[in-house]
Structures are given as C-alpha cells and as structure tokens.
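Take a look at the structures below.
Presented sequentially are two complexes of chain A, the first with chain B as partner and the second with chain C.
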Partner chain A sequence: MVMTAVKQKSVDRYVRERDRFAEMLEMARLVPGDEGELYAKMFEILLDAKETIVDCVENDKPFIAGYFCNAPELFTAMGVPWFMVMESPFLQSSAPYVLSEIDATEHMGLGTDLCTAIRLPIYYIEEGLMPVPTAAVGLLYPCDATPMLQQVIMHNQGWKDVPIFSCDPPYTSDERAITYFAEELKRMVTFLEEHTGHTMDIDRLREVCEESNRTYSLWQDYNELRRNVPSPHGFTPGGSTAFAISQCFTAGDPRCTEWFDLLYKCGEARVKAGQGSIVGNPDWKERIRLFWFDILPFIWAEDFLPWLEQEWGAVVVMDMFGHCPYTLIDTTNEDTIFYGLAKRALIDAPMIRQARGTAENFSNDIRRIVPDYKIDAVIWPGHMGHKDGSAASGIMRRTCRELGVPFLHIGLDLFDPRYTSVDEIKDRVSEFFTGMGLG
Partner chain B sequence: MNATPFAGMGLGREDPVGPYDECIIELGARVDTIRGRMAPSAPSVRETFHPQESLLDGLPVTVGPGANPGVILRSDTFVELGNPAEGSCAAVLWTTDPGLVVDGRIRLLGPDIPEAQGASLPFAQMVIVAGPSLGPDEHEILMGIQNLSDTVEGFMAKSTSEYVWARVSGAGAAKGLDLDTLGRVLLQRVKASVPGATSAEVVFVTSSRDDVRSLSDLAATARQIGSDILRQTWKDRGFDLECDFDCSSCTDQEVCDDIREVIVATARVAVAKKQERTKKKDRTWRERIFNA
Partner chain C sequence: MSAQDAWRIFAEATRSLGNPEIDAWKAQGGKVVGFFCSMVPDELFTAAGILPFRMRGTGSTSTELADAYFTPINCTFPRHAFNQALLGEYDFLDGMVCINSCDHVRRVYDNWIQALDTPFVHVMSLPHKVDDPQVGWYHDDIAVLKEKIEGQFGVEITGDRLDEAIRLHNRIRALQKELYQMRRAERPPITGVQALEVMVAGTALPRERYLELLEEVVEEARTAPGVDGYRARLMIVGGELDDPEYVRIIEEQGGLVVTDSTCFGSRLMWEAIDEEDPDPVRSLARYYIQERPSCPRMCGDQPRRLAYVRDLVNEFRVDGVIAERLMFCDQWLVEHYMTGNDLKADGIPFLALDREYILSGTGQLRTRVQAFLEAIKGTSVTIRAGAQSLA
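Up next, the complex of A and B:
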C-alpha cells in the first residue's frame, strides 16, 4: 500500500527502531546458551511490537496509543495492537539520536524543567513523528505533567480525529478507590470497542489474566534470586527489563511467561554456581548492594552502570521498576478481574505507585526492600521530572537513617546526561561510597 | 483515627480504645466461624501456649538475622505458603487493652507444614499484640515484625508488599520446622522489638482459600488504619504525606494567589497582542484590496 508522506514520516522512527531491534535480535542469536536465548526472546517481543504497529500504519488496521498502567491485559484480550506513547525515552535503542531530539523540544519552546520523558512524546506528536492511532487511551496520573501530554494529543492538528479516553484516577488507594477505578477501566473497554471494532470476550480476558498471573509469579520468583549474595544479575537482564517485558509491549502473553521462565532458569544457574553480575573475572566481587529508587538511566546507562559494577563492585540489586509489588488477579468473575487490573494499574505499577498516592509508599518500599535484598545503600537519583519524589526525599532519608542504611540524593536527568554530567554523577557516587565507608 | 468499618455490626463492644480493637474482636469472631466450618475429620484448631521466657527454647531450627542465608529455590521447596492464587493475607493488630489478647497463644486452623509436602497452602498470618503503653510510635516497628524475611533457617518470606508468600525448604522441614516454630519466632520478635508489648498471640489459617479470604478484608481494613496512623506519625515528625487541598488553611496561598495573578496578567497581554495582530492583519488585508 502506498503511504502518504505524512504517514510515512509518522512511522519512520518506528521503522528505524524496528530495524535496530532486528539487528539486535540477530546479534543476540549469536550468543550461546540460555542467556543468549534470553536476550533473543526479549528482542523478539520488542521487534514484534514494532512490526505490528508499522503493519497497522501501512495497512490501515486499527491500533491504539496507551500506557503500561492502562491495564494492557485488556488490550491483549481484545486483540487490539497498541504502543506506549511514552516509550522512546525508555529504550536504549533511542540513545543515538535522543539528545538532538531533546534539543528540539527546547527549540519548540518546551520548558527545560518539564520532565524529559513527557517532553519527548510531545515533540514527536507535534512534529508528526509518532504514528497516529485509531484511538488513544490517556493518562491523567501520576504527575501534573502527564495531563499536559494528553492535552497535546487532544489539540494537535494531526491527531484531531483521534478519540481519546482517560480513566479518572481517584486520589486515595482504598477499596472504594480501586472499585471506582475498575469501573473506569470498564468504560475504557466500551470506548475501545466503539472505536476499534474489537470486542471484549470475558473468557478470553480470564485466560489472558491467568497468563499474566503466571508471568508475574515467575517475576516474583526471579526477584527472590536477587536476594542472594552475590545477586545473580545487576542492571541487566532482570530489573527494569522484567518490567518492560511484563507490561510495556504486550501483557498476559505466553511469550512473556516463557521469557520469565528462562530468566529464572538463568538466575538460578548463577545462584547455584555462586556467580554474580559479572561472570568470567575471578578478581571481581560484589561489594556494594544498591537500591536505585527510580528508572534506570537507559540513555546513558552504558557510561555509568558498568562503571558502578567494575569500579566499585556496586550492583543495582533492586530498582523502582524491577521491584515486583504486584497483586495477582483474582479471575473468579468479571468484577474480581477488573478489580485486580485496577489495583495493578493504580497502586502497584512503578512510578504510579510512588507518585500518585501518598508518600508513605516511598517509606514502606524502602523498609521492605532494604532488609529483604540486603541493601547497603539507597540512591534516589532525583530525576528532574520526579519532583514529587524529590519532595519526599526527607521522608526517604529519615527512613534510611532509621534502618541504618546510607541514602544519596543526586539530582539529574535520567534521559539527558548534560543536565548533570555522568562524570559529575560518578564523582558524587564515589564520594558517597567513600564517605560512608562502603568502598 | 477512623476505625469504624465494623461499626453497627453488633460486636458487643461499645467503647473500643485502640485503633485496631474492633478488628481484633472481629478476628476472634471469624476464627470461630472458620473453626465451625471445618470438617470434623480435619485437624481442628491446634492451640499451643508458650511462656515468654521459653519462647525460643528447643526450636528445631536456627533463628536470627541471616539464619536462612541463601534463597530457597523452587526445586528445594517442601511447601509453599500464601501463594496469592491460593489465598494469602497478613496483619499485625495492636491494642492497649490486654484483655483482648491471650499471651503466648498460637492457634493453627488447617494443616501444618509437615503434613503438606509438595503442597501450596493458602495462608493467613495474624499477629495480635497488647500493651498499655502501645501507640503510634511503636506502629512501624510492629508492622515490620510480620516480615520474617530470612530470619528462620529453612524459611524464606518473599519480598511482597501486602501479604505473606513464603517457602519452606526440604531441609528445614526435615529438621522439624512447623508453624508453631514460626509463631514462637513472631512472638519473640514482638517482645524483643517492642518493650511496651506485654502480651501477644498469633493465628495461622491454612485450611482453605475461602477461609483465608474471609480474613482478607480484615487485613485490608487493618492496612487502611495503619496508613492513617503512619500519616499522622509523619505529620508529627514534620512531614506531610498528603497535600492540603483546602485553600483557606494552605500556607502557600499567598504564593498561589501571586501565580494566579501572573497567569491572568500574562493571558491579558497575550490577548491584547493577538488583538493587535488581528487588527494589523485586517488592515493589511484591507489595504491590499483597496490598493488593488
């Protein structure tokens, strides 16, 4: 099918990322053993997600824009292809060109104090660099910046015909709030049925949620392996990758369960062999177990995270997105299913869990994770967009003090290494480790 | 403190003194209901009593920080407790009324660890603590007690947030690890961590998914009460967990008003500029037509 220039432009970045994933998949297939297969399976899922969207755009098939915290099991059950609006800043594959795109967001007048993860999709939409979906599911939480992104979706000329529905998030986290949000998710399904032509079959949804439960159970199992000293993996392949595979590209999908099964197998093999994050260097030893309480800095991860491990023996044993506080979904009936999905979307999902609700989640998670994972230090990176969390850093610091674990608040941009340079961050971290007697 | 989810339920107590008192009374009633439902052939409620001074005497396994140093792998698991698919809940309920707690009592409704090899048992773990001086200051410590983490040899509590999901290893079970042991460790942790705790007891339920579920809403209510306590505790420390949305009492109202004025003024300027541009455009258009 011949595409218009506008359509072609909207999908160009996706085609580029698809091709990048295809290359990465080929490379992963060359890595022998289970760990090679693990990476290959991951890229298969990512690649398939990209290919599906490109196919939808090229062939005028319905697809939607959404978020990981919109209960993506519903999209899977309905068979609606979807992509995450705020996806690129989290993909390392964007690293080669994301800095120039961040510059472009400034040139178009967006304030540099606005979260980069929000600024980038605004730029993509305004510049026609994001596929225009059949319908969009918005996000009005967890922070003030996300509704702004929805406003752009609503008012952009290219998206003017895209119907949008956003679930109304309650402020509290009690039973009433979850029940209310479950009803919102049901309204979202009605909206999607109306605009995509796909329908919901409750038996299919039950199957998908049961598959999703298997995925999350395996994730929980895997995370227990990270409690081992040494932790079998560091910043990759578990942690945030597990988050991405469980809910960012597809959810309730047997391929996700297979991936987690393999992840567990790889982790278990390392635990049994007494191996840590770095294998093959007999002089290397895990010396500092870190809880990185935010998203990992994917765009500049390669400049920083391997340095942490090699220079300091400091391993990110747990991070905000690798944490698995999810509740399994009770699939007894439609109401229990929607209730379970609502709880996950509103309370369990990372960043939402911390930024939407009351700040006690910061304190409670630290209290649980530090002893369970034998954490030696907690780092709150202080991403410039996570002002809500930075406002709670006093609570985090005090909690850490009570637990007797050092706490570091840096202040950086997780996507832009020019905000606080990687060298400066390394200095801060080194001083912190030395000052606290960890190094 | 809002602790009235059971108000009007005829619990026979009109003057609850602590935030969890009604929960504790309701727990007693529900345990009685579960006991009544259990088949006569099944092992009914097993009760043991342990004086404080001998809580850890003769335990079959080692206890203490790091007593279970590694992880218990799936392949080494003797029994799983509290998989959410089977049913799981946990709570710590505290009171200042010693009359609500039988000190040193451990009750088990349902099969014990040695009887459940290879099974995945539903699991409820309810710890009840009393002490005349107990208050919000002890709350966080008490909440932390229920997570046994890696402190019991052969036992691994998974790192979950709202319930207890655990594994018992084959080696632990072979040494005689049972729920009475876990109960004694929990009681010891209470007494050791909170000097003001004068009495404590533990209830375990493993009988069925429905029985465990019948306690889930109680655990949820306890969590909500706990959140309220925490919020107040942090407030007393100088940290507000919630924003105050009431403009009349907000200390930032002056700043907020200033921002609003700036926004209005900026909008006025923008409208004026737009009107000016429109006029100019209109003029240019007229001039062009006129000149043509």
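Up next, the complex of A and C:
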C-alpha cells in the first residue's frame, strides 16, 4: 500500500526499531540454553509488537496509543493493537540519535527540567515521528507531566482527529477510589468500542484476566527465588523487562505466561546451582544486595549496571518495576473483574502504586522489600522527572534509618548521562558504599 | 474606614504571613485553617465560622529546614512554605488542608504529618478532568472534608450556612471582578501591583472584614484618575504568583499589568458559584471542576483556557503576554509551550519567564522585560505615545 509522506515519516522510526529488534532476536537465538531462549522470546514479543503497529499503519487497520499500567488486559480482550505512547525512549534508549533528540526537545521550548521520558514523546508527536493512531487512551498519573503529554496530543494538529479518553485515577486508595476508577475503565471500554470497531466480550475478558493471574502468580514465585543469597538474577532479566512484557506487550496473553514460566525455570536452575547474577569471573561475587527504588537507567545502563556488579559486587536484587505486589483478579462477574483491574492499576502497578497517592507506599515498600530480600542498601536515584518521589526522599531516608539500612539519593536523569555524568554517579555510589562499610 | 486604610491593610496582609486581623480573630477565639491551592473550596471554612488562609511562603529567606524533606528539583514554593511552617511561622493555624494540585504541593501533606503536630491535617483528592463523573467524585470529596471539619471543630455546616458563605464569597468575587474590569480603561484605576495586593489579601483576612475593605477600594477606584504614562498593556499568565514585588519590577520597566490569568488572580473570581442549587455541595463541586477558569492540571480543558486568555487579551486590549512559571513546574511549562505557540500564531507577543518563588534574578528579569517591551513596540498597534516609566 502506498503511504503519504506524512504517514511514512510517522512510522519510519517504528520500522527502524522493528528491524533492530529483528537483528537482536537473531543474536539472542545464538545464545544457548534456557537463558538464550528467554531473551529470544523477549525479542520475539517486542518484534511482534512493532510489526503489528507497522502493519496497522501501512494497511489502515485500527490501533490505539495507550499508556502504561492502564489495565492493558482490556486491550488484549478487545483485540485492539496498541503501543505505549512513551515506549521509544525506553526501547530505543541505546540508539545513537536519542541524545540529539533530547537536545531537540530543549530547542522546541520544553526546557530541561521536564521528565526526559515525557519530553521525547512530545517531540515525536510534534515532529510527526509517531504513528497517528485510530484513538488514544491515557492515564492521568503518576506525575504532573503525564496529563500534560495527553494535552499535547489533544493540541497537536496532526492528531486533531484522534479521539482521546484519559482515565482519571483518584488520589486515595479506598473502596470509593477503586469503584470510581473501575467506572473510569468501563467508560474507556465504551470509548474504545465506539472508536475502534472492536468490542468487549466479557467471557474473553475473563479468559484474559485468568491468564494474567497465572502470569502474576508465576512472577511472585520467581521473585521468591530472588530472595536467595546470591540472587539468581540482578538488573536483568527479571525487573523492568518483566514489567514491560507483562504490562506493555503481552498482558493476559499465553506468550506472556510462557515467558514467565521460562524465567522461573532459569532462576530456579541458578538457585539450585548456587549461581548468582554475576558471571564471567570467579572473583566477582555478590557482596551488596541493592534495592534500586526506581526504573533502571536506560541510555547509560551498559556503562553503569555491569560496573556495579563487577566493581562492587553490588546486585540489584529488587527494583521498583521488578517488585510484584499484583493481586489476583476475581473473575466471578463483570463487576468483580473491573474492580480487580482497577485495584491492580491503582494500587499494584509500579510507579502508579508509589507516586499516584500519598507517600506511604514509598515507605511501605521499603519496609517490606528490605527484610524480604535481605537488602543491604537502598538507592533512590532521584530521576529528574520524579519530583513527587524526590519530595518524599526525606520520608524514605527516615524509613531506612529506622530499618538500619543505608540510603542514597543521587539526583540524575535515567536517560540523559549529561545531566549527571556516569563517572560522577559511580563516584557517588563508591563513596556511599565505602562510607557505609559495604562491599 | 477609608480606602487608604484598606490599601494599607491589604499591603500588610500581602507582605507577611500573619496580620493584625488574624491576631484579632484569634484573640476572639476564632479558628484558622490553612489551605493550599485555589481548588480547595474555602467557602466550607467560612460556613464553619473558620478563617480560611491560603498558604504562602511570604517572608521566607531560606529552605534549609525543608531541604531535609524536599530536594533541589522541587518547586521552591512548597519548600519555602513548608520551611516557614517548620520555623513556627504557621503556628497560628488550627488546621491545614492540602490537595493533590501538583507533585510538589501534594507532598507537603506527607511531610507535614511527619514533622508537625497541627491538630487537623487533611488532603483532598482533586480529579484531573472536567467531566460529570469528576464533578460527582469531587462532590463526595467535598462532603468528606465537610464532615471532617464538623467533627474536628464541633460545628455543623448546615445548608443554610453554606449558602450564606457562598453568597459572601460570590459578593467578594463580584467586587473583585468589577475592579478588574475597570482596568479595561485607557487609564486603569489601579496598577498590577495593587491588583495583586487586593487578591492576595482576599485569601488572608476574615472574609466579611475583607468585603468591607474591598467595598472602600472599589468605591474609590470608580472615580480614580487612573494610571497613564505606560509603554504597553501587559497580561500575566501563570500559576502561584503572590508577590507584588515581581509585578512591580515588570511595571517599573514601563509595562502596565492590566489583567492576568493566575492562581491568585482572575481565575479566582471570574465566575460565580451557583446560588440556586438546593445542594450547595454540588454547586461547589460543579464550580471548582467545570465552571471556574481551570489551570493546566485539568486535562482536556486547554481549549477553554486558551479561549479565556484570548478573551482577556481582547477585552483588556493587551499588547503582550508574560507567562511566568516557577522552576520545575511541569504543568505550566507545557501549558506555556502550547499557549505561546497559539498566541504567537495570533500575532500576540509572548514572553515566557522562569522564576524562583522568592524574588531573585531581578536584573535578568528587568532586562528581559525591557527587551520584550522593545519587541512589542515593533509589533503592537496600541503603543502609547510619550510613555514614561511607572516607577
């Protein structure tokens, strides 16, 4: 099908990303054993997601732009292809052009203190570098920047014909809040039915939720393995990757459950063999068990996370997105399902769980995770976009003090290594470990 | 009481946290509750016989105590306000109501309950949209606050008392709006500095007392000779701006601020609350969610906000718009980005300025405003001849 230049431009970077994932899949297939298969399946899932969206654009099929932690089981049940509007900064974080795109956001007038993960999608939308969907749905938390991204979408001329529905999560977490949000989710379904031609079948939704229940049960089992000393895995593959697969790409899909099943098997094999996360040199041992209380870094991840393990024996045993407090959904009837989805989205899903409401989940998670995972130190990286969390850093510090576990707040950009250089971050971490007598 | 006395009291109430009117109120056994953000329905407190006090950081010179709770990427407004609380400057409060208005202010609640022992502290849950379900949510949230005030302070907020409070606040709004509308004239009766003093004082004084003073000021303005000798008519758009000195610096360069859309400005009073609804709580919810001019926090309402700015630009014959933003505010950063593009497309000069809560960088501010006024001179069709600095 011949596409207009505007449409071609909107999908170009998706085609590039798709092709890159195809290459990475081929590389992963060369890795032997279950762990190789684990990575291969992950890239198969990412590749399929990209291919689906490219196919929708090229062939004028309905698809939507969505947002993370917004009850993705609903999209799966309706069979609506979707992409997460913020995914490119994460998935293409190692692409050489990302830093120049960050610069371009500043030149647009978006300043330097707006979260980079929000600035980039605004840039892509404003520059026509994101596929224009049939409809868009959003979630108006976890931060102030999120509703602003939604409003840029509404304001943009290229997206002016795209109908948009954004779910409004309340600030509280009681029964009234969950019930209200369940109604918001129902309104989102009505909106999607109206604008995409896809319909909701409650039996299909039940199947999907039962599948995602199986996924989350497996994830919880897997996280039990990470309590072992040494932890079978560190910064990869159980944290952010597990989140992305379960919430952004294959929610309620049997492929997702299969991936977690394999993840569990890989972790179990390592535990049985007494093998920790750090491999490649017999002198590298797990010496510090870290709770990294945020998303892991992206663009500069390769310069930092392996260094943590190899230089200090510091293993990220748990991070914000690897934590799995997901409660299972009661699939008795439509009301219980929507209630369960609302509760999962509001109270369980990472970042929404901590940043949407009052600060108690920051301290509650620390109180739970530190003893459960035998954590030696908590690092709040202080991403420049996570302003509510930074305003809770005093609360986190006091909680850690009560628990007797060292706490470090750095202040950095999880995407842009020019905000705080990797060397400076390493210095801060090294001083912290040394000062606290760790490692 | 003369208008001159009223101006003095307004200035005093604006330039410090406490003021003699609050002292007198407290001396008579009156209660005072502080609240963050103009989306908190302060009519409820008035109905309960409590003085509602809008939180500020006025007089603060440092954030050293608050910095144990907040970080350098947090807005300086809540940091200074919280620092003032930690210093005891807010000890006159009998309660504090916070709201999830932004990522920075909402954490004041969490830190306040850790650090301070104010008898009554509550956080409201403000929706992010302006649709009917959100009115329903906010109705119930206001009802929760009403019940908590009643329980804490041993008062009953009857429908009649709430109706009465709404009428009082509406009367204030009407007079404030009348004063603002006089500024449409070629020679506005007051400066932007004075306008901000009127508005800030309205959040810091017992409301019946404030109404008496406001009546004096408005009466005087009706016959005032007005301000002339300015180079351009300016509008300020933005959020938490409670410092008249910031406006003074702008006006000292020769621009006259004739209107605004800010959190302490016209958005507080441009619309009135429905006095006819038999359920006054529903009136409040509808007003705060749907009827009053919104701020960028309310998703989906940007076209209405832009129309509001455009209407004021036309109505007040504005030559240029100054968009102020507190550093690290995501909401106003992106809003100004959109508004700036729209106004520039309309041919309306637009200047975006970042600032700290405490007045600083005044040299840079002067330079940028001077340059803006020069730029306006090149584009505007309404430049005043023979302009002199207002200073």
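We adopt the following convention: the second predicted complex is superposed on the first by the 434 of 439 C-alpha atoms of A that agree within 3 Å, B and C clash if a C-alpha of one lies under 4 Å from a C-alpha of the other, contacts with A are read in each partner's own complex, and residues count from 1 in each chain.
Assume a residue touches a chain if its C-beta (ideal position, glycine included) is under 8 Å from a C-beta of that chain, and two chains touch if they have at least 3 such contacts.
From a predicted model like this one, the values you see are computed outputs, not experimental measurements.
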Clash-or-fit label for the pair chain B, chain C on chain A: clash
Is A:Asn228 touching anything from chain B or chain C once the two structures are fitted on A? First, second, both or neither. first
I want to verify the contact counts: of chain B and chain C, which reaches more residues of chain A? C
Please work out whether A:Thr358 is in contact with chain B alone, chain C alone, both, or neither, and reply first, second, both or neither. both
Given the touch rule stated above, what does A:Leu110 touch, chain B (first), chain C (second), both, or neither? second
In the overlaid three-chain picture, which partner chain does A:Ile395 touch, first (chain B) or second (chain C), both, or neither? both
Touch test for A:Thr199: chain B only (first), chain C only (second), both, or neither? neither
Quick check on the superposed pair: does A:Arg367 touch chain B, chain C, both, or neither? Answer first, second, both or neither. first
In the overlay, answer first, second, both or neither for which of chain B and chain C A:Leu140 touches. second
Which of chain B and chain C A:His409 touches, first, second, both or neither: second
Where on chain A do the contacts with chain B and the contacts with chain C coincide? 358-360, 392, 394-395, 398
Can you list the residues on chain A that touch chain C in the complex? 108-111, 113-115, 118, 122, 140-141, 143-145, 147-152, 154-155, 164, 166, 168, 170-172, 176-177, 180, 183-184, 187, 355, 358-360, 382, 384, 387-388, 390-395, 398, 409, 411
What part of chain C is in contact with chain A in the complex they form? 68-75, 78, 100, 102-104, 106-107, 109-111, 114, 123-129, 133-134, 137, 140, 296-297, 299-300, 302, 327-331, 333-335, 337-338, 340, 352, 354
Under the stated contact criterion, what part of chain A meets chain B in this complex? 173-175, 213, 217, 220-221, 223-225, 227-229, 264, 268, 271-272, 324-325, 327-328, 358-360, 363-365, 367-369, 371-373, 392, 394-395, 398
As the complex stands, chain B meets chain A at residues 69-74, 83-85, 140, 144, 147, 149-150, 156, 158-162, 165, 217, 220, 224, 227, 230-231, 234, 237, 239, 241-242
